[in-house]
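Input: structures, listed below.
Each of the next two complexes has chain A plus one more chain, namely chain B in the first and chain C in the second.
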Partner chain A sequence: MNFRRIKAVAFKEWRETVRDRIFLLLAFLLPVLWMLVFGYGLVLDVEHIPLVVVDRDHSALSRDYLYRFTESRYFDFKGSLTSETEADAWLLSGKARAVIVVPEKFGERLLAGQPAHVQTLIDGTFPLRTDITKGYVLAINSALSGELLADYVARTRGLSREQAKTLVQPIRLEVRYLYNEEVRSAWSIVPALIMFSLMLAPPLLTALGIVREKETGSIYNIYSSTVSKIEFLTGKLTPYVAISFVNALLLWLLATLWFQVPFKGSFGLFLLSSLIFVLTSTGIGLLVSLMVSTQVAALIITMVLCTLPTILFSGLIVPVSSLSPGAQVQAHLFPGMYYTNIVRGTFLKGVGMNVLWADMLALALYAALLRLVAYRLFTKRPRS
Partner chain B sequence: MELAEPIVRVLGFVKRYKKHVAVQGVDLEIKRGEIYGLIGPDGAGKSSLMKAIAGVLTYDEGAVEVFGTLIDSERAAEQVKQQLGFLPQGLGLNLYPDLSVEENIDFFARLRLVPEPALIERKARFLAMTRLDKFRNRAMKKLSGGMKQKLGLICTLIHEPELAILDEPTTGVDPVSRRDFWTILAELLRERGMTALVSTAYMDEAARFHRLSFLSSGKVVASGTPAEVQALVPGLMVTFEATPQMEAIARLKTQYKQVEALGSLLHVFTEETIHASAMQSITSSLGDIRPVHLRVDEPELEDVFVALLLRQADQPPSAEMPRVTALAANHGLAIEAKGLIRDFGAFRAVDRVSFQVKSGEIFGLLGANGAGKTTVIKMLNGLMPPTGGEGWVAGADMKTAGGAIKERIGYMSQAFSLYLDLTVEENIRLFAGIYGLNRPATTTRLEWILSMAGLKGYESSLTSRLPMGVRQRLALGCALVHQPRVLFLDEPTSGVDPIGRRHFWDILSVLAREEGVAIMVTTHYMSEAEHCDKLALMFAGRIVSEGSPSEMKRQVETEAGRLVELTVDRPAPAINELELAGFAGVALFGTKLHLLSHDPEGDEPRIREICAASQGVVQSIKTRPLSLEDVFVYRVMELEKQERKQTTGVAA
Partner chain C sequence: MIVSGVPRSKRAAIWWGRLMVMTRKELIQLFRDVPIVVFLIYSFTLSVYISGNGLKSQLHNANISVYDADHSFSSRDLIHKFQPPFFSFAGELSSSNEGQYRLDRGTVSAVLDIPPRFHEQLAAGEPTAVQLLVDTTNSPQGLSAASYAARIVAQFGQEASLARFGGSAEASQNLPVIVSDHRVWYNPDQNETWFESISHLLRMITIFAMLLPATALVREKERGTIEQLLVSPLTPLLIMLPKVLAMTVVILCAMAVALFGVMQPIFGVPIRGNLVLLFSLTALFVFTTAGMGLFAATITKNQSQVGLLTLLLIAPMLMLSGVTSPMEAMPPWVQYLMTLSPLRYFIDVVYGILLKGNGLKELWGHVLAMGLLGGSLFGFGMWRFRRQFQ
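Moving on to the complex of A and B:
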């Protein structure tokens, strides 16, 4: 190991990266861009469902009933219609995703102690959203039913409203959401997006940086010189690791300041594990670059290798624990999952090394293994 | 050089790429202190051999020994790398475009652990020697071709290796930069006692080497000193004029294998070694056509290589030109440029350029990189509007008739813009489609192109599998699909083997002579320029010299004198002394010196004296015909000198 040679390679690489405008843009803008795009795009909260209502009853009770839907933050009230056929048109054009139809004599029947039927039409094209919408409708409906029942009990038994409520609903559910107290999907997604960006950009940069030399032929300067394999790989990777580490910091700032995600854990732990993760992901790029000879091939292979497993198996969208057993095995084979555990852990749960050590160890092993394989694959005297 | 020991030994070298055998059984020995040349067309196996010697490529059979170490593993290769410098193929491709000249040098030096004080000293010396010192801080991507080449050389030699391995360092560079390069290389090698292994695709550079191997299809065809190689094929070169030219060629081809038309001249290689009988047999084989201006010369090395190749291989199918109704001798103008000007901002790239090309004429536009050749062609093609002046191509005004011009011209570029995944026939049909030929026209044209370009038998071969020479003829065929009256060729024969190149020029002269097509060529190959009827030399956007190749040579002869070749046992030290004594065009060619003299006989004693003063004994001294390269270099050097005088005059 000769430090001067490593420095020469690293400095040359750094200068080239900084002077190549497009490459520089790619290096620093891409991760931030991904976080912004996905941070807003991957929000899975179902809110503001466009809603229209058909009130055939026009009684005080029907107005009160519909009021609870139109004023909820889950629904966006788009208007009152006179017939179901009209509502059909709204659903077809997608201007409304849910319709509530209150039949005639709704108030009269309720006051008479008879059951009333309310028709709800929900757009089923997105099953996940449909289920959630149905859940909202059920919840609002049962809340009102419960109140009506309590009112009735209070009136007939001569009890207070509170007593009647206890009687009608003896078990009350108290839910406290832990870690992500407001159950905002941004809080869950944005930290994982740090993982996503750091899983994509560093391999891409590294692979392109090395294959570029192969493509132009400047790699022969390395082959034909006395620089050793370790010196070259160390010097070549250092700028990319540094850039990616800076990106980890930028993304952290973006998450905490822009997306306002609370960071509860140890910052030092976050930095350390980010460094290890960046070492892993640049290692993937290195490996790809040794197996292909054109930048286009490097680009495509890195994208395929990094994007799909990261989206599917890293816990970005679906938690690893709810994957099928086969998919869980795959998830454990990709480094994304471990770092997802670490970022979510440090951001939302504030857990420390005592919980995350296994994930960090896995990443460190991954980084070491990738480098070892790359070292074995890299030859200064190739076959062609 | 008496103590010379071999520092590289190659025995039975074989390199395969999957099933393709790139090199099959090459033997080679390089001695300390010499410049060893590997000559051959693209795909001859030069690069594979050089990379294996440099220890950056494995090989399959045989042995490569460098500085006494058998290079059979990565570890063994590492041991000798400190003593080696390797410049891979591709002009400036191994350099870093975004780094400055100085940063590039520094990187190579630090990679090689050159101590900082030595680096500073060498950098200053090398930059001064290559006249790059003014451009220290310029980004490498903004250098001209010649400058990139010199920077590449500095970077390869900055750690002062004992053996420099340079893969095609002169490809794509103009003759002046090329000559400059050879001088610098020779000086560096001499100063430091380095050895060099250099490859080239330019046959006319063979004389630059102390010893050489000529490679073709992975085999050594000939090797030894230039004189030894020359002796392998005894013979003479007979040059004369004969009309009608095409008929004369047809008659000569029945007797001689190497018959070339160079403008109005015919060039025939004969194995006769006596001048009188060589002339005699030529005259008799011509029958009733009388040769005039008969001249006999020693053959060039290129002629020798072609003769050697022809001995080995079957002769390629010669172009059987289907006789289309010969055009009535039409000497109308095909291209006319009148005071063409093109500015890029404040920079004038083309400055009042005027010339005329008649139908049936081959016109060559020469000039260094950046002299303005491409801009002129682009303007004539209607691809770029001129800032001033006018031009007509095939009767159409280039300013107003952009589309009409494109229908009347054919264009073939260096890169042979063919579709490699299509077959030969599919390529031709595609181009016919692009030019809107209907079905019957396409069929006749296809037939014509296949026989004209000697592509029969290749119809359904994939273009990517064709040898370079065949690919080049296909590109020509595609450019001719719409029967253009004017043909533009932009460096058409780079990387093609000498036989293929001659075949190509045979076709061009038939096209010009019999079909009356006007052909305009740009090229860096001076041996190619010899084929033109008329030449124009561009310098800094202007045409500075014009005429037929022989006229241009005569002009230089009257101005600067005849070319004298000296064989000196220690030629290098004499160069400076001869220049100081006022001789023009002094240049080193391997073991020989070239210079220009008005009175070779009268100057002989003086020359011997000067050489003797610098410890060189002149073994022989004789005059040689000027080559076009000599003309080009002389002209450009004179202009550069004037320019320098002017600028220093202004400064003073």
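Moving on to the complex of A and C:
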């Protein structure tokens, strides 16, 4: 290995990248723009569910009950209907995702100490939304039930309201939210977005950079030169690793200064693991570039290969523990998950090497393995 | 340009003939690239299967550990209520510090802390409290876990106090409580494979529809073969349109494979609406998305640039259009921005046709929006293209 030759290859690659102004601009703009758009825009909480109600009772109690829905930030009240068949049309067109039907004699029955059935129709196309909607409805129902029950018990047993409340609800659940005490969506999204950006952009930069040479044929200059395989690969990757590492820093600054996400861990640890991660993700691009011969193929394959596991299997949205066993295996085969643990760990949890060493080791092995395979696959004497 | 004097019908025949020839050229060029073909097949078969099978967007198996300082009948009873599918019991802790340790390591996502004298207080009718520590590094999941836990504890408490009064299940029939009857429509069993496999299909269609025509056009620009096409008797429309047409044909076939080869037979995804409508609207969506890709292609010079630019555009489309999380909760500016994303409309179209049995009556607004968007993008791309080369 000759250091001067690596430097020459890296320098040539850097020149080429810098000369393509749009490419260079996009390479730095991409992660920053994504973080701004997703940091503000990607809200994972389910709120503002469009709701219509059918009130067949028209009593004071039914109005009070429905008022709890229309006032809740979880629901967006879209209107009051007269019949269920009308509600069908609203659900069918997607203008409403849930319908509450209050039956006749709702108020009367409850005041008389009898249970009342309330029907909820929910659009089931999006299971997450359905599930959470159900939860909200149950929560509002049980809140009102609890009050009614306490009133009832107080009346019939001659207890004070406080006593009746204890009787009805003897156990209180005290919830303490850890690591993200105010449960801000942005705090859990923004650190993970560093993973998102560094998982998607660097492989593409790398793959395009190498396949470009193959497609235009300028790689024959390398084949016929004295540059060895390892020198070429190292030099070629250096500018992309550097760009991506600078992006990691920019994203860190954006997360801590702009989004004000607390960074509780060690900065050195973050830097080191980001470097390892960047080496891994550029390694994926390298591997793809060695298997294809056109930039179109490189583009499609890196995008398909990286986008979907990054969105689905890396803990960005769905925690890995919630995946099915088969998908968990996939998640472990993909580097994104380990880095998500590291960024969330260093940002929100403030844990150190003693917790994160396994994730770092996995990434380092991954990076090494990718380079080893790439080294084996790359040949200066292509058969064609 | 076509020589005047040739009869109209003949001119049309020539135009169609050229369109077919060019479309064929694009198809040949695409299928020569073996890695792309391999990936196309993978994306619409195996990968649909994997994501349909593996993903759960609801709270599932949140690992919960318990520090039980009471060790009584009641506390064990409460612990027993934390069951799959929402929770999965990850063992008892010997001290409350251990809970923090496990949360730090991420091996559990919640810790339940039951105080001493829990059973005593409950039996005496005194108020008592249990504590739940929730990891909120993933905020929606943390909130879900807390709300499920609250429901479990509330129900447990109510049952316990009823039991204390010798009340049976019948006694509770005569209490003023609101009973919820839920009816879930369109997917009554909440089969998540339906949702996940459909949204995966949508993501794949979007990626291919945007990338393939865009790169096909830029490649011609980069290699200079576009000059050859321009000196041939082809209008700019006849250069751009076949690229879209070829990809539309490929994507429709791929979708048919995914739908009839994986989603329907394996996952039992229903097809309640009209298939012809579904495929025609898919063609419209591909046209619209391809318009976006071609637009990106006309403002860039080489494939590297177009690659980054399409990636820049495609990520927000995939994340914010409503396949990953519902649209309603997004801030208003995202909802406005996403009116520019064809995927935002296509989602409602596909779920509507497959699961709800929607027809044009419900979907015409979306169809119109996609058509307008596609028409203007394509028109703008054409205008740029003409200006660059003529």
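Here is the rule we use: the second predicted complex is superposed on the first by the 328 of 384 C-alpha atoms of A that agree within 3 Å, B and C clash if a C-alpha of one lies under 4 Å from a C-alpha of the other, contacts with A are read in each partner's own complex, and residues count from 1 in each chain.
Definition applied: contacts are C-beta pairs under 8 Å (C-beta built on N, C-alpha and C of every residue); 3 or more make two chains touch, one makes a residue touch a chain.
This structure is a prediction, so every number in the text was calculated from the model and none was measured.
Of the two partner chains, chain C is the only one touched by A:318; chain B is not.
Within the superposed three-chain model, A:382 lies in touch with chain B and out of touch with chain C [touch as defined at top].
When the shared chain is aligned, chain C comes close enough to touch A:38, but chain B does not. Judged by the touch definition given at the top, the superposed model places A:220 against chain B, while chain C stays out of reach. In the superposition on chain A, contact is made by A:20 with both chain B and chain C. Note on chain A: of its two partners chain C and chain B, the one contacting more of its residues is C.
Of the two partner chains placed by the overlay, only chain B lies in contact with A:4; chain C stays clear of it. Once the two complexes are laid over each other on the shared chain, residue contacts for A:326 go to chain C alone; chain B is not touched.
In the superposition on chain A, no contact is made by A:373 with either chain B or chain C. Overlap of the chain B and chain C interfaces on chain A comprises residues 20. Per the touch definition, chain B reaches chain A in the complex via residues 17, 51, 54-58, 73-74, 77-78, 81-82, 84-86, 88-90, 93-96, 98-99, 103, 106-108, 110-113, 139, 155, 165. Considering their complex, residues 2, 4-5, 7-9, 11-12, 15-16, 19-20, 216-218, 220-228, 379-384 of chain A touch chain B.
Contact residues on chain C toward chain A in their complex (touch as defined above): 33, 35-36, 39, 42-43, 47, 50-51, 53-63, 103-106, 109, 121-122, 125-144, 146-151, 153-154, 156-158, 160-161, 173-188, 190-192, 195, 200, 203-204, 207-208, 211-212, 215-216, 219, 300-305, 307-312, 314-316, 318-320, 324-326, 328-331, 333-334, 337, 348, 351-352, 355-356, 358, 362.
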